[in-house]
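As written, the chain order gives the labels A, B and C, with residue 1 at the start of each chain.
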Amino acid sequence: MLIDWIAVPFLFAGAFFLLSGSLGLIRLGDTLSRLHALTKADMLGFGFITLGLTLSADSLSEALKLILIWVLIIAYSSLVGYALAHKKRKADNV
Amino acid sequence: MTDIYFNLSALLISLSLYYFITAESKFKRLISVNILGSAVFLFLITTAKNTPSGIPDPVPHALVLTGIVVAVSATALAFWLHTYTRGKGKED
Amino acid sequence: MFDLILSSLVFVTALVSMHSKKTAISGLFFVTFGFLSGLLWVRLGAPDVAMVEIILGAGVTSLLVFGLLKEGERKSTPVPTGRKLWAGILSVLVFLYILFFTLNIEKKEGLRALVYESLAFSGVNSPVTAVLLNFRAYDTLLEVGVITLVGLSIGMLGFSRVLHTWEDDLLRVFSRAFLPLAAFFAIYLTYLGTFSAGGAFQGGSLLAGALIFLTLTGHRLTVSQPLSVLLKVLAMAVFLGFGLAFAIFGDGFLTFPQSLAALSIIFIELSIALSTALLLFEAYRGAR
């Protein structure tokens, strides 16, 4: 299937970005820089994986559901990233 | 495919049993009980998958569903009884 | 190959979680174990179980376990060597026994054929929901009874946690957007259980997860005492009501007649979803 040949590199790119996000979580020193790695790299990786899965989806409704999941996860993880950074800043200022 | 999951469930059941008996704190014991529960569910669902046609048997799935909900309720009750007997919860 | 990687990941996370001396590492790896075992259920062809495991087993259980983190740090008593010895022998015996038992296990059909044959008479199109709410309805009734008992006992204890809330306006406003979406999806998931993967417990635990998320971001969700007790016993009451009605006017206790099966299952599922949501939410937050 031709569309799978296009989708698979996206999946690999997504996996690579997710892996580098986790690597940043382990290796970086500061909480805030770990949050950078976690939110930005993870969101990018997740976006690529969603793109790859949408391209190789079976039907339009499945692709739309995947995009809805993507939107919800973006919203949720940005909320959580903000919450963690806010807590860290308040803990630092005390 | 089911062979490796049977071996995994045997391994996890025996390991979590060992850690449950020789646990240093209640926290460890709680974790070991939960992992024991998950290992037993793994065993059940693997027997469900172990059919000649490959289509899983739905009856163990229903049993495991019940089991997960009951296990979570038991963990919650354990947590709240512990909090209550220590007097750690704050009355609002 | 994928099975091998997944199994070894599950094994490693479980081992680190149980063995590590630091409670923070234990808790962290326990969360990872929960999510990976959810993946395990998907691999073994059980999507309904995977949904419930990820929300409840990996979500709510991890939250409860993290609540006990500080306690675990302080209270570690050393273990006598004699206990370790006989525990080790016992676990090796159990391991060998299960291994030899499953080595020669044959592929049996089990009850799968019977379920698929009777599926047309059960009123729903999903085999797991048919088993859960029609063929083995008594098990589900008792399960609802157990969770109602636990919920009522937690309510009677009368304590509530001091939660780590984020006192921030942005979070409180933005997290409000999740509740209608989650409520809609929970009802949809409950309805989906009649013909696909889903069902009452999945929808109920999704709603409970959304309510827990709201409490974490600082909303004070107080439920008045009479309403809370009413909602908690609702599932048990509806289920028992249907069972007794069929006992008096029909064929027997919880024997669904074929014409009324679909309707009564929908009612029972909705009530179970509502009650489980409140019960699991209060299991995390405690009574108020």
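The rule is simple: a residue touches a chain if its C-beta (ideal position, glycine included) is under 8 Å from a C-beta of that chain, and two chains touch if they have at least 3 such contacts.
As the structure is a prediction and not an experimental result, all values here were calculated from the model.
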Exercise for the section: Pick one for the touching-chains graph, please: line, ring, star, complete, other. Expected result: line
Handout entry: Chain pair whose interface holds the most contacting C-beta pairs
Key = B-C
Exercise for the section: Could you tell me the distance, in whole angstrom, between the mean C-alpha positions of chain A and chain C? Expected result: 27
Problem - Gap in Å, rounded to a whole number, between the CA centres of chain C and chain B - result: 11
Practice task
Quick one: which bits of chain C touch chain B in the complex? Just the residue numbers, please.
Solution key: 3-4, 7, 10-11, 14-15, 17-19, 23, 26-27, 30, 33-34, 37, 40-41, 44-46, 48-49, 52-53, 56-57, 60-61, 64-65, 67-69, 71-72, 75-79, 83-84, 87-88, 90-92, 94-95, 98-99, 102, 105, 107-112, 115, 127-128, 130-132, 136, 139-140, 143, 146-147, 150-151, 153-154, 157-162, 201, 205, 276, 279-280, 283-284, 286, 288
Handout entry: For the chain A and chain C complex, residues of the former touching the latter
Key = 72, 75-76, 79, 82-83, 86-87
Completion exercise
Interface with chain C, chain B side, in the complex: residues 1, 3-19, 21-28, 30-32, 34-35, 38-39, 41-43, 45-53, 55-66, 68-77, 79-84, 86, 89-92
Exercise for the section: Note which residues of chain C are touching chain A in the complex, please. Expected result: 166, 168, 170-171, 174-175, 177-178, 181, 217
